[in-house]
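What follows is a set of structures for review.
Two complexes are shown next, each including chain A; its partner changes from chain B in the first to chain C in the second.
And then the complex of A and B:
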């Protein structure tokens, strides 16, 4: 049989899923053992025991100096920024994307402009944001918004535009006004796509968050990583990186669950 | 009354003439089947009646009034695809039109108005043979059922004209025969004029009161741009078919006329 037609069985699928993760862990453990064997004071690849001690220090006991549970207070600060940034970006994308996708006048005036904006490298704007908005939360949230909103807006406008013309005409024959077409025909059809678009922007959003926190913050996941970098505290950096990844993965899964829960038809369509 | 008159209508896209000087009178409650080779402009013609496209020259009247320049509830449509909304259930699709018409702000009906509408929708769904599927999404229906749904959805608006663009073209023969039965009954029972594009001559002669063929008379490559399609055949079915006089929208026999 051709390889394109061979499929793993259920058990094998599970095994294949775990394989790369196991390989990663194994490679780390071997590398760590070799380095520590050569130099017990090596800090680059801490042993599992050292990692566990690091995790205990940041997550399971309060910081002796400030009395804060670092991992948790950092997570709270970062997630707050992320949620605010992504929330604002989603609302902008929804309103602007629908308007640009539906109304020829707005498409004519804003379509190219949004495309232009989405090409501005957001990180290059970071200094400007810090200068104009100060070093507080506003600049960080704003960076996330600027980083993801134009792309989400474009994606949504394209999706709106892709809705078959027949469907819009059909709605007109059912006496819908522009407003009602937007509300009852277009909005429900693009909301699932908006959620998917949000999922895809989680990665960039984290990137912008960590970049902003690295430069200026007094708490946050990115702030902590760049702070302890000075002491080569890999026993803190590795758990933080793993934790950030886990957060992103969980958010991704949660948003997709939400989509198929709220819009059950969007799964049917894909299968059809 | 819902007679359509087409007066010296031309349609050009850029340099290309698609339809050339069509003139046509369609009587109230006629069922016109439009046939012709692929690309001759049948869909274009239908779109002009629908208001989705405008004639380059000439005009189209509905009951003596010029057509409004955009689609509206007086002209319903059923396409081969994309006729129903994938995000609404069967019931939701059928109720959508009256909901949109009744609630201009939210597009939704609530309470007693909704219950009344739901009853009306259920009757319509049963009339097209979809009873029991009210809560399914279109993706869970077969092609034939989706077209039945599209008919029900369009008819809820009681359009004066129903436009059909190869509505049954994708269905297999057995299912097509069933839906032809339904189509005949609906045309008899609903006070509307129907114009249907089809590739299937048998379908045309089974359903229509009149079959009209569009064709390019000059179709050599160098002529194709400058000459559009014209009406080459106009056949009235004999013996004449006449739509039912009593429609399902009339009050029952002996009832008080509505105020």
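And then the complex of A and C:
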């Protein structure tokens, strides 16, 4: 039988799913054991017990110096920035993307500009942002918006443009105005795509968030990682990285669930 | 359908892969502690460390390595913290760092570290700068932008201490050093602690006043070339070569000759300024270009007082490790053999061995 036709059975599938994770954990444990054997105070690859002690210190008890529960206060600060940034970016993408995709005049004037903007490397703009917007929340949120909004806008505009011309013409024959067509024909069709686009931008958004927090902050997930990196506290960094990954995965799943709950038909479209 | 052989082979391959990866992770740091001929040195941009880059670019490193029949690879790091982390992880045999970072990063990380060369101390290169304030006491109640847990943080603690304030009287905002100059020009930043070249640039901005600098705590922020103690013990020639490189380069750079001026201009250019800018930084740096003076410095009782301040600060900030019961957790050995803290866990050693050899002309 050809390899492309062989499929794992259900049990084997679970096993195959777990294997890469298990291999990663095993590699870590072996490396950690070897290093700690050579130097018991080694910080690079802490043992599971040290990791657990680190997790307890950051998540399960207040910090002795500030009295704050570090992981939770950092998470709250970061998620607030992330939600604000992604929220603003989504609204911009929806309004601008629909307008550019729908109206030839706007497409002529803004289409190339948005494409141009989406190619600017946002991290290179950081110094400008910090000087114009200060070191507070505004600059951090703005970096996320600048980082993800142009790409989301382009994506949405392309999607609007892909809507079959016949559908628009049909609506026109039923005497729909531009506004009505946008609202009743285009909007419902692109909303699922907007959510998917948002999902795909979660990774970049986290990247920009952490970059902004590394430069100036007094709380946040990225702030903590870059702070404790100064003394190589991998027992804090590893749990934080795992936590950020988990948050991103959960947000990804939540947005996808939302899409298929609110727009059940979009699942059919994707399969087609 | 199901092929058990394949499955078993697959699992075995995974396991082998995991073990290999684990070994790679671990072995990264363990090609040491024996006689060897290839050494790796990391340095980063700072007024007092520029000689290392100059020496590497102008054949001085090559010359001394050849003399002892070894090879020395010198790498410039754009990121100071990363250079120390690499040293701590075992990727490098020697690195440039400050006395404080030496204690909190490699030493607290269990890597036995020896200061081979005491290169200079900061005598004004680090400063506390206020906007709309004339005296240090004006800092009370303000947010202070600085690189948390760096020598700037230490300088602030010492400065506050000198006027009877404490860190509770201010709030700290961690800010990355490349962004200090831009950050100072935003309205919500009113107090800052940083180092040169940023400090002199910021102090020159309108409305900025330098209210405290490291010249007021002379000899406390020390710039070192440290090496892994085991590597040094097994390969004393490596220490000799480092000393040879340092004193040949610094003798050249302080010389009032066209060659000296050329060397200073080259180091200035490499650090992103020019000859004049670099000389201004050097004026705020007490460079030890004569080995005898460095030997006298490490042997003075002031070093013990300084390191006591430093370890107290680090312990207070939790930087000697979360489980450190007191500032004594990590032992610091002084050239006299006196040990500060835990004698059974000496991880940072000051010595005059190689500097004395240089002073005696025995290299």
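One rule holds for everything that comes next: the second predicted complex is superposed on the first by the 272 of 272 C-alpha atoms of A that agree within 3 Å, B and C clash if a C-alpha of one lies under 4 Å from a C-alpha of the other, contacts with A are read in each partner's own complex, and residues count from 1 in each chain.
Keep this in mind: contacts are C-beta pairs under 8 Å (C-beta built on N, C-alpha and C of every residue); 3 or more make two chains touch, one makes a residue touch a chain.
Note that the coordinates shown come from a computational prediction; the quantities given were computed from them, not determined experimentally.
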item	value
Partner chain in contact with A:185 - chain B first, chain C second, else both or neither	first
First, second, both or neither for A:231, with chain B first and chain C second	second
First, second, both or neither for A:166, with chain B first and chain C second	first
Partner chain in contact with A:242 - chain B first, chain C second, else both or neither	neither
Which of chain B and chain C A:91 touches, first, second, both or neither	neither
Dominant contact partner of chain A by residue count, chain C or chain B	C
Contacts of A:40 with chain B and chain C, given as first, second, both or neither	second
In the complex, chain A residues that touch chain B	164-167, 169-177, 179-180, 183-185, 188-189, 263-266, 268-269, 271-272
Chain A-facing residues of chain B, complex	50, 52, 70-73, 75-77, 79, 81-83, 85-88, 96-97, 99-101, 104-108, 137, 139-140, 153-154, 157, 159
Chain A to chain C touching residues, read off their complex	1, 6-9, 12, 19-20, 22-24, 26-35, 38-45, 53-54, 57, 64-65, 126-127, 130-131, 134-136, 214-218, 223, 226-227, 229-232, 235
Footprint of chain A on chain C - complex, ascending	1-3, 7, 10-11, 14-15, 17-19, 21-27, 29-30, 81, 85, 88-89, 104-105, 108-111, 145, 148-150, 171-176, 179, 182-183, 185-189, 317-319, 321-323, 347
